[in-house]
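Structure first, commentary second.
Going in written order, the chains are labelled A, B, C and D, and every chain counts its residues from 1.
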Amino acid sequence: MTTHILRIDCPDAPGLVYKITGSLFRAGFNILSNHEFVETATEHFFMRTAFTGEAAPEAVAKDLRDTLDPSAVIRLARAEPQRIVVFATKEPHCLGDLLLRHAYGELPASIQAVISNYDSLAPLVRQFGIPFHHVSHVGLDRATHEQGIHDVLGQYDPAYLVLAKYMRILTPGFVSRYADRIINIHHSFLPAFMGAQPYQQAYDRGVKIIGATAHIVTDELDTGPIIAQNILPVDHSYTAADMAQAGRDAEKIVLAKAVKLMLEERVFLYQNRTIIFE
Amino acid sequence: MTTHILRIDCPDAPGLVYKITGSLFRAGFNILSNHEFVETATEHFFMRTAFTGEAAPEAVAKDLRDTLDPSAVIRLARAEPQRIVVFATKEPHCLGDLLLRHAYGELPASIQAVISNYDSLAPLVRQFGIPFHHVSHVGLDRATHEQGIHDVLGQYDPAYLVLAKYMRILTPGFVSRYADRIINIHHSFLPAFMGAQPYQQAYDRGVKIIGATAHIVTDELDTGPIIAQNILPVDHSYTAADMAQAGRDAEKIVLAKAVKLMLEERVFLYQNRTIIFE
Amino acid sequence: MTTHILRIDCPDAPGLVYKITGSLFRAGFNILSNHEFVETATEHFFMRTAFTGEAAPEAVAKDLRDTLDPSAVIRLARAEPQRIVVFATKEPHCLGDLLLRHAYGELPASIQAVISNYDSLAPLVRQFGIPFHHVSHVGLDRATHEQGIHDVLGQYDPAYLVLAKYMRILTPGFVSRYADRIINIHHSFLPAFMGAQPYQQAYDRGVKIIGATAHIVTDELDTGPIIAQNILPVDHSYTAADMAQAGRDAEKIVLAKAVKLMLEERVFLYQNRTIIFE
Amino acid sequence: MTTHILRIDCPDAPGLVYKITGSLFRAGFNILSNHEFVETATEHFFMRTAFTGEAAPEAVAKDLRDTLDPSAVIRLARAEPQRIVVFATKEPHCLGDLLLRHAYGELPASIQAVISNYDSLAPLVRQFGIPFHHVSHVGLDRATHEQGIHDVLGQYDPAYLVLAKYMRILTPGFVSRYADRIINIHHSFLPAFMGAQPYQQAYDRGVKIIGATAHIVTDELDTGPIIAQNILPVDHSYTAADMAQAGRDAEKIVLAKAVKLMLEERVFLYQNRTIIFE
């Protein structure tokens, strides 16, 4: 039997859990896990339910659309690997870690391809049997370069794009085509050290902890909803380069975690924040 | 309006959430938060619901007792400070931290009294306006000493006993009178370093991380269900005494956390493990 | 025998450790611990040595002043509790934690007095037998208020001022009189969320980790050299008020740690960063 | 110029740092970094110095052997990648992580080969261009199997053996041939959960934190000197299998860290503990 995921967010109201679980119960579905949350400040309700059964779940979704507040967002998904395309530039650690996890079945994803604006990572990608596309930005304006990326993506129809240390800023036009579907890793503890060279910024400020942040890409640089963060302690003996090296472990782990959470449909985006049911 | 807590654990079955939320909905209660968990291995269901309303919640509990599996454990509680008595010996850090949190309203508890087998902590306790009882164990057998403690406890009727570095082993007879209601802090990362002098044991073993564990007291030393654990890094420069000093911060924070979780009725004990809805 | 601390920072040069340990050896001192660090980028040398002996250490310091680069900063101190005055406003958790540690001898400090711009913490302070001074800012301009604080400080001659959630900004004039001697706790992971209401800022940004930062106070708000930082994970279920409550544990522990490091003469300030020998 | 590492451990005595740095200074060497530690309880001195210079450092070592206590252990090494052979069984995450780090130059090692008692990891290893040797244990007694491993190792002359989830117990005879040179990763927070199936043990005990431990292999299972440990939080929703999956990240990072520390000659083994200069 297929495992389905039902996600609902809507204004809070009495009896929501009762109504929703009732719809599933009457349709003969068996609930595997259930998470709800009401944000008190905004009186908004969030629910994620994983369930199995013989029936088609679309009838439940329709039933709920008729019953719940018209503004309710109701989404159905199957619990199965999702198609992703990974973007990278020159650094191999996040990309390599995703390729390894993918290879041994730890990632709920099917990596369709890797796109890079350099070709240095081609051997790493190809040794894992994954298509590698070198789409150079050299000599191109941003729109032309992104058109080249689009042409490649057209072959793959990915559910999500994962930026594994992709060091180019995407245009609003590009982002809007994949709205809420682009996951980025930023090598700082956001909102500290946005923009370029965060480890140099961290060194100059003399922080004692550095971090990494996985977030959804929006039009504004490094300000999208945060999915996961991780940190590690540093001290005065770390140069900016030492911080960059040490930070790699935090980056790769936090990115893999965020990809997993997104692909398992555990993340709700709400007012530039995330509600996450782990 | 009072906030009530409903806690249920029973064998898993289809439609449990639907039934339970239905009972609450029909009685006119408003659910504030809701947590469920099904342990797949044992097919056992756990649920904690916080709700408000005008009605008496006992009718809902009765309704559920009639509906659910006869083995279901159904408990109602009010979300209000609970009466506790704190036990200590000579070390002030855990006790002092609890007294401070209590004084500024951070602990969901009413500290009725402190009992110690030494009198050195009396000034600290009394400066906070809390009764202090010195019940010396010197020259007494265990049963006689514990009888003295019982005599003191008789005045207070505590819901929970909190052992804040109480360095005496309680007899099974004593523990059984307060079954599942005695919270202890052990100064190691259990199950490592059970028994006496865990920091010396940690030093001798050369560990790089030390910890503290808050757990429910059972008949067997340091093996009861674990509520919370915390750790801190150490290195070769720490003597056993340095570890003990550094460990104090982990101890006091993990004990306060465990007390909060227990008193807010967030902890289910199940097969010597805990299910905790934070 | 007294334990002395020798601290040296100067441009790096061959043979520095040899020269310095030679001076101590010839004077008959016994080195207990020794830490050195050379910052490669700036070719600057830092050393902290703890040593004991019968002789007066000033001769060693003089010897080194004659030998080392004229720009060398050479400081001698005794390893003994230092006089501090603690500042607070209304929140008791950092202040209470310092009072507790002081009371049971964990802090290498002698708390001379507590100064607050409100009187609500007076009972907490006085129950520990520490003088409490209420210096209200109401109706006063900043200079007049700070003059009142100076008048109180005049009685105590503190080596360091510790701002334990003191919610007033100090003027450059005040800061300059205690240059490099004022330790502050800021309730965020600096440089994120400088200024007012950092937990509200953290909530609005949707971060998954919050923190606290102890730093030296300089003329510019929340930008002085960082001594210690700590973090704790949060999720969507935390309101800004929940973050504030959870953050208290990080705040009090990081402040106590920073005070200990400073008072034990383990912190070098250098180019708005700190070199710390733990 | 070559960077050399000088490591000394000997009974503590006055003037040791002065003598050692004097030997280096007179030979014209330039000290890059210097770490010392005296274990007070045993009055034992440890020092690691990194230095550069034109001269041959053996003269300094000889000079020190003539000067210091006859029991002093004095070792010279070059700061350069060391030859290692990695052992694995079926799990790819630790092995894959080492291969990735090796491929992009983050590991101070030259991986000569991988040996496994199964052949399932052969494709992963070979795609990185590293020799893979399948040395099956099936149907062999322990001595015969280990003889097969010896025959393979004979080609490579490794400085260290790294057990990256190698699930076979090595005999004392094998261990003694590589005494203090075999690094293992154990998938628990030692000394908790020694032996087989530590995650199942952790689940059964209901711990709230799991961990991983990298240690030197000695004759007795899981009791050798600990190099590095790391932990991650878990809760009741983790099955033993979930713990195993989550623990992989801790395992691979702690193993990589331990390998780096060992290969950079930062680890002293002393009385079944480690002194580590990071």
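Note that a residue touches a chain if its C-beta (ideal position, glycine included) is under 8 Å from a C-beta of that chain, and two chains touch if they have at least 3 such contacts.
All values reported here derive from a predicted model rather than from experimental measurement.
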item	value
Same or different residue numbers at the chain C/chain D copy interface, by half rule	same
Contact-richer chain pair (by C-beta pairs counted) among B-D and A-B	B-D
Rounded Å distance, chain A centre to chain B centre (Cα mean)	37
Averaged-CA centre spacing for the pair chain D and chain B, given as whole angstrom	40
Junction residues of chain D - those touching two or more other chains	37
Chain A to chain D touching residues, read off their complex	92-93, 96-97, 100, 103-104, 106, 124, 127-128, 245, 248-249, 253, 256
Chain B-facing residues of chain D, complex	37, 39-41, 189-193, 205-209, 211, 225-231, 235-237, 239, 272-276
Partner chain C, residues of chain D touching it in the complex	14-15, 17-18, 21-22, 24-25, 30-34, 36-38
